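Next come two complexes built around chain A: one with chain B, the other with chain C.
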Partner chain A sequence: MTTITLENVTKRFEDVTAVESIDLEVEDGEFLVVVGPSGCGKSTTLRMLAGLESVSEGRIYIGGRDVTGLDPKDRNVSMVFQNYALYPHMTAERNMTFGMKSAGSFSDDEIERRVSEAAETLGIGDLLARKPAELSGGERQRVALGRALVRDPEVFLMDEPLSNLDAKLRVQMRAELAKLHGELETTTVYVTHDQTEAMTLGDRVVVMNDGEIQQVDTAQYLYDYPNNQFVAGFIGEPAMNMVGVEVEGTDGETVVSHPGFRIRLPETDELRRFDAGRAVLGVRPEDLSIVETDGDGADTFVATVTVTEPLGDSLLLYCEVEGDELQVQSAPRSAIEPGDPVTLTVDRDRLHLFDRETRAAVYHSDGTRARTPEVTATAETDD
Partner chain B sequence: MGQREIYGERGSVLESLKEGRTGEAIDHFRGGLAAYLLLLPTLVVSLVFLYYPALRAVELSLYQTLMFGARRSYVGLGNYVSLATSSTYQWSVIITVVFAAIVVVGVMGFSLVVSFLLHEIEIGKSAYLIAAIWPYALPPAVAGIVFLFLIHPTIGMFTSVIEGLTPLTVDWFSRGRQAFLVVTIAVIWKQIGYNVIFMIAGMNNVPKTLTEAAELDGVSRWNRLLRIYVPLISPTLLFLVVMNTIYAFFGTFAFIDLMTQGGPGGATNIMIFDLYRNAFEFNNHGLASAQSVILFAIVSVLMYAQLRLSDRHVHYG
Partner chain C sequence: MSKTTVTRHLPDSITRAEIDGTLRSDRLWLHVGLFLSVLLMALPLLLAFVISLQSRGVITSVSQLSFDRAFENYRAVLIDYNMGRYMFNSFVMSIVIVVGKLAISLLAALAIVYYRFPFKNFMFMVILLTLMLPVPVRIVPLFELVAGLGWANTFLALTIPYLASATTVFLLRQHFLSIPVSLVEQAKLDGIGPIKFLVYVLIPMSKGMIAGVCVIMFIYAWNQYLWPLIIIDSQEMQVSQVGIRLLQGVVETGDIAWPIVMAGSIVTLIPPLLVLVLFRRPLLETFGVQQK
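So, the complex of A and B:
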């Protein structure tokens, strides 16, 4: 059983706070992905787990053991680095065995057995005699994974391991990593800035910004019920549209009002309690659609197309409506040109409202209760 | 393959001429001319002050000379023969080779450990670095005098300390082995700073993630130095081996001159000092020239051997 617990972990570099009071629980065998923009504190968090950075405040437990002050080598973790960190003067095999041999706690037979097992798992058996300079990026990454594997650690830590690979190889390695984790079921913490990687790999995903955890949940839940405007904008490609609106309640019906449109909102308890008047409406590009009416119908409105981006499987339209821009994902191969007016409608079950001041989600239109950051940070998984 | 690929700039001049593009050919030639003009100052200095005197030294080594070479008589290889049969000179060669070996190994070993400690320490790094580099900032003559007074047999600062803590009697003005040891230590001490600068720079170039990977793997510090840093900075180390060899053979003259004058009893009479005395004390320029040619040959052979050996052991990342 290898769980990881971070309790109130803070990291300060002189007067800069890189990580602020993080509480996080990683379950045994879980693949947890930490995602966020550059400088959000995700790598620092991982390095604190590895013991490569000291902790300013708080405690870290691995498998129930307090490792806060322990040296990296005493934590029984393996780390895979973005630049692979292979020793350039050693062969792939020596790279994998060097640490074990130096540590001195493994017999030669044991080391040999583990190397051949790892080489077989990763398909690098015929590369063992080569030096890193003679390997391609993908092969180097496999060797780096092999080095992490042979030590049979309690925890794998991965710091953007796929970032140096080209796009095609990255997708391939992503699938292999997922498969590998399925076989080994070792608790893994994986850091990336790529939200697609985070969504596809993680059992759960931690979204970080400015040194703080914004939300921890399964990928789908993050996508469907973002906790705040940051998560809503960061998760999903193309990003969610955010438009400032007035929320008006008349005749038992709540309407969001914008100079260019009025949309009726499905009633929920939260909406009834919401009395701020102004809010930010969030709607994903695929939840907006073009309708073939003249725009007079309920919940429809007219916008002008400014840019079209054919993506192959869909056509992304940038539409302007009374000074605000909305991205709309529409069917491919349509004859829409920039300058054309289009009539749009929304999927009324897929609307979100965010508080203008706190930027927190206050309403999801399908009735799912918007969770506060305090709740989501320690939420149970939904699967 | 065009002329340009084969012959470089000149090739492209030929190519242009062949194709009847005279204007372009002149442009190319002007480009080449500019390069030679820019090289000219260095070429002139090298020719006048290095290659010409070197050739004259070889020539002079075949003569017996009087009065700064004003009178000379051709003796062929006579100077070389007398050197080869001189027991003083044979001893000087042995002393020099042993001295150089100890200096190169001592400087490199000591500097490596100092550099590694400087690389690892986190508090007061700059202060330690300055302290380590300081002796290098001194001219050799000043360093020699400083060391002379640090360990002077009668008035040296460290002399009484050494005599108090050990059963030794500091008497290197009359004891050959002590004199050899003192000069060797002084020469090593002077050169550590130079080596530390390069080694620290080399170690700082080793990617930080390699150190971190080693830390996670539980590789000990000593192993990290010997198995990771040393192979990765081996090109720097090779450069330093060459520089330290040259230093030991040629750059240590001031220490011998100021501290021991080659004595006592020839115990520190290294080749460069013996050569100097023959030339400028005994006015035997022919013999001194022959000595300089031999010194040059020995160092050249050593350089060649070092570079050939290193091909197998130096890792160029």
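So, the complex of A and C:
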């Protein structure tokens, strides 16, 4: 049983606060992914878990044991680094056994058995006699994983372990990591800046920004119900469209109004409570679609295509509507060209409203309650 | 078709030959130039070597050259004139200095790179500042200190004052800094202590660098002259550089015995030359671009 608990953990580097009072629970056997842009404090959080950085405030528990002040070696964690951190002058096998032999708590037979087990799991049995320079990137990554594995730690910590691999190998290793975690079920904390990795690997995903946790949820929930504008914009590729709008309530019907369009919103409790006024409308590119006819004009509007990006499986259109830009994911192989006018409509169940000031989500149009996060979003307004 | 190809190729091959021709004559002059400059640089050594094989120091014509006493000169210088003993002393002194310097510098660099302690950068600056105070500058207080300790005429006097080396600390520090931090962090996670990390990780990863530094240190130690001249007055403890000077006291037929002096110089030259030849690769690596 290994859970990880972070209580009010803060890290300050002189005058810079890298991590601001984080509270987080990692469940036993969970694969938790921490994602965020560079400088958001995700690596610092991981390094505090490993004991490589001291904690300025707060406490960290691993398996119920307070490890806040413990040395890295006493925490029973294994870490995999972005650059693998293999000793270049040692063979793969020696790299895997060096730490164990130093720990002195394993017999030689035990070490040998574990190395051959790990080598078999990772398919590196015939690479053990090679030095890192003679291994490819993916093989090095496996050896680094093997080194983490042989110590049979309570927790795996991974700091962007796939970032140095090429795109194809990354996808392959991603699947292997997921499979490996399925077999071992060791509690894992995985840090990445790549939201695809986060979504595909994580049982739950922690989104961080500016040293604060923005949201912790399953990948799909994060995608469908972002807590705030940051999460909405960070999760999902291409990113969610954000447009400043007026919310107008006219007897029983609420409408978002923009110089280029008017869209009726499905009624929810939250919407009734939300005072009419300025807000930010969020709509994902795939929830916008092109309609052939003008129809009745309700909830449709006309935009001008400025750029087309054929992606193979879809066609991404950059459309301009009254000074705002919208990205629209449409069917591939269409004859639309820049300059063409298109008539757009929205999936009315997939709309989000965000508060202009706090940037927090106030409304999801399918009726799911927008959670008012305790940690409100930062009040920057760069929209 | 074929005609055009021929006409196209013909002038090509001519120009190629012309180019080769000019290149060859360029190369010739280049080599003549290089040979002359090498000869110029090597001339003193060649002369010393030739003179060391003669019976008399002053030679006025080539016809006077004779090599009858070649072996005898070297035997005399090594045995009769004690050069063998001096060289042994020099060798012991150099080895002790290299090993001691390396041990101290490795520990100092380890501390400077991997430990956090107050005034770290200031301490490093102080170490670098000692570069401005080499042995010749502090020779008077050093003499008083070493004589006061009763170390005169001992190996202690020959070696201890040389053990601290800012250059070595600096070179090792720069090299350690080029080693990825994640290796240290991995070691911390594995519970590998600093000395173990030094022995099993840092030193093997710095082999080339250390070998290069050792060559520099060995040659530096071997070439010490002023300090041994001052602190050592017993013939038994003297080193070879001073030994060459002592050879100038050998007088034959009212003149300095130049063949003996030159033979002494040549044998003194051999150990550092051997070290240079053996370790030229790591030495070049030390001064070359560091590869991460």
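Odds and ends about this structure:
As a working rule, the second predicted complex is superposed on the first by the 371 of 383 C-alpha atoms of A that agree within 3 Å, B and C clash if a C-alpha of one lies under 4 Å from a C-alpha of the other, contacts with A are read in each partner's own complex, and residues count from 1 in each chain.
To be clear about the criterion, contacts are C-beta pairs under 8 Å (C-beta built on N, C-alpha and C of every residue); 3 or more make two chains touch, one makes a residue touch a chain.
Keep in mind it's a predicted model, so treat the numbers as computed, not measured.
After superposition onto chain A, partners chain B and chain C are found to clash with each other. Of the two partner chains, neither chain B nor chain C is touched by A:S54. In the superposed pair of complexes, A:T358 makes contact with neither chain B nor chain C. In the superposed model, A:S257 lies in contact with neither chain B nor chain C. 50-52, 71-73, 77-79, 81, 83, 85, 87-89, 98-100, 102-103 are the residues of chain A that lie in the contact sets of both chain B and chain C, per the superposition on chain A. Touching chain A in their complex are the following residues of chain C: 180, 182-183, 185-192, 196, 200-201, 204-205. Taken in their complex, chain B has these residues touching chain A: 207, 209-210, 212-220, 223, 227-228, 231-232, 315, 317. Residues of chain A that touch chain C in their complex: 50-52, 71-74, 77-79, 81-85, 87-89, 98-100, 102-103. Of all residues in chain A, those touching chain B in their complex are 50-52, 71-73, 77-79, 81, 83, 85, 87-89, 98-100, 102-103, 133, 147, 151.
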